[in-house]
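A, B and C label the chains in the order they appear, each numbered from 1.
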């Protein structure tokens, strides 16, 4: 664990953990409200926003892409609403139409604008570039206290840290409302809670987490972290508070184990080269769900 | 460029492009029709998980075929691997729904993300093995008709026609089970068996479709034409025909244009065309369309 | 025994730890309308579903015309509860009725003029011919229920099993359904209906089967539909309409 680790692995690892945590927080409520596919939808839909952001400004800066992705998430939410109303179909089908169309338009934009291959490519968007988020200014553990070196951290780090923190604070502040509105919206409305605003808030929180995670770590990891850690936690406990804490733990464990396995696994197997960290993290989170589904004390509805 | 597109649409682009265009059209016909019955059964998102779950199978089949000294890109072999891993995904999905308290949408997301992750791990591993040899495997993510062999197109076309024939035989049973499974049980049909047949047909079109449209987007060809067709009719059989026509036109048009214009990704274009057909339907369809409803007021 | 339409022989049905039907035995004759009556949770629908093989029996058998179900399937029609249907489904009224003819149509045979004419005839008997080409969701609840009765008629059966045919329908539909069912009975068929409204039992039905997980009584209304037996079926909670 020397200077190399700080330069090459520490920041990607922390970004993976932050992305996982930021996604798992709203994911708990998506699971509870049977809106798990919302994550899948958001994670695919932000692609055209990223590309438009890039085409308008010509830079791959974190904040521009963040804004573009946010706009795309908003458009996709409106599209689902419009398709559900217009075609009178269930939200699942409307989401399926929306995210495939958004994603397809992203791919078309990318290829037709000539941006492909230069600064962006679809693979990058799909499985992120976690491994490339290195900290060149971090030359050793001492850099953690060096303001100059810290300023050289990849912007994704700051974004994700901020998003994770804001989401956590909001969750704590609005905890009771969130629980009541998710458990029994009718009752909550009778008590005078702004049920509609709370639902919207959860969608917006999901969008913000997806956008922040997508720009840093790609779509696979975003979908996996929105769904898998809360699902695994749900099978272990019947108490929502415990479920949220467990899901955060699972998210962090997936990120760390997956990152390490992707970086060192092939070497341990005597093979050269590393594999996608984002993919491996998703696999670990899926294995956690499998374990919980086989052995979790609350795996079945009682 | 317009002349080239016109040539492609009228099948005057040379033998190979013509063949690919016809193959994509046949694929669209089959997916549109299968998608209608899936939509009526309200299981439109299940194939999203099945399509993503093909990816690890593609990677493993490639590795096995290379290890045996063969060509890793042999399409029937890759599709066999894809089919096995997609079935495994479906099995896990049903296990999660039946054996745990997780709702179906969460189970779809879990299978989708885990298998997708495993697929990407394998694809990056294959890329790391050596340059060039993986060429074509990315085509399974986003679809590509470039480099497709004649035999591949025949496989897709023939498979699509077989699926259509099976749907024709099963059509009344599929509608009955989707409309009122209780009645179907009461007259001695087995909805579970009929559902299994439907999922088998879905698996078939997903496998035929991933090479052309890609694992991420193939679900669009199952959903969008069906929803567009629903705007036009109140009859299930007619809806399946219209959906097949829309899917076929999108497949044909998308493949033709991408053959004529270099650099246009086939799968994304097909999906965009299908959505265009939905938009048109949603506006101008009589009665259920936007204009029709405004007119009725 | 040829005039027995349906017999339950010691049928037991369990859902997990709860026993829904606990040893039901009865025999229902042809040429009669039988109401299956009992409190909520007495296993009325479950008994019908178990005899049709929709839910598994833990013990016992059901016999149709003295034969097992598989041998008699073509002679049995079934009308499930209306609850779980998606009314926006793209299907027309006439196509719903044609579903009743699935056994004669099989997989490949196209629907011919004669089939269509017969489906129309079934619709006529429930008074809905002018709705034939409407989408099913465009009808009122009572009309939808009559369409489902027409679908059962299209099965051309000798035994009609109906699960709550009168639940939540208007008076006009009630009268129409009763008329159709009486015609079936007068033609010699057997009608068996799960029924909730005790007040209408003596007026509409010939026979009654009182069920509360096991059979309390089964016979002609005059003998089985007595205050004492009803008290026994419903326990203390006898509906006020009969306490009078």
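One rule holds in what follows: contacts are C-beta pairs under 8 Å (C-beta built on N, C-alpha and C of every residue); 3 or more make two chains touch, one makes a residue touch a chain.
Keep in mind that what you see is a predicted model, and the values were worked out from it rather than measured.
Following the contact convention of this document, B is the list of chains adjacent to both subunit A and subunit C.
With chains reduced to the mean position of their C-alpha atoms, the one farthest from subunit B is C.
Closest to the middle of the protein, by Cα centroid, lies chain B. Looking at A-B and B-C, the interface holding more C-beta pairs in contact is that of A-B.
Subunit C has its Cα centroid 52 Å from the Cα centroid of subunit A.
Between subunit A and subunit B the centroid-to-centroid distance comes to 26 Å (mean Cα coordinates, whole Å).
Centres computed as Cα averages put subunit B at a distance of 42 Å from subunit C. Across the assembly, subunit A contributes residues 88 that each touch 2 or more other chains.
In subunit B, the residues that touch at least two other chains are 42, 230.
Contacts from subunit B toward subunit A in the complex involve residues 39, 42, 44-45, 48, 92, 95-96, 99-103, 105-106, 108-110, 112-125, 128-129, 138, 141-142, 216-217, 219-220, 223-224, 226-227, 230-231, 263-265, 267-269, 271-272, 275, 278, 282, 288, 290.
Against subunit C, the residues of subunit B that register as touching in their complex are 40, 42, 169-170, 172-173, 175-176, 178-183, 185-189, 230, 233-236, 239.
Across the complex, subunit B is touched by residues 52-54, 69-70, 73, 78-81, 84-86, 89-92, 95-96, 99, 102-103, 105, 107-108, 135, 148, 151, 155, 161 of subunit C. Contacts from subunit A toward subunit B in the complex involve residues 31, 34-37, 39-40, 44, 83, 86-90, 92-93, 95-97, 100-101, 103-105, 107-108, 111-112, 122-123, 126-127, 220-221, 223-224, 226-228, 231, 234-235, 262, 266, 271-276, 278-283, 285-287, 289-290, 293, 296, 298-301.
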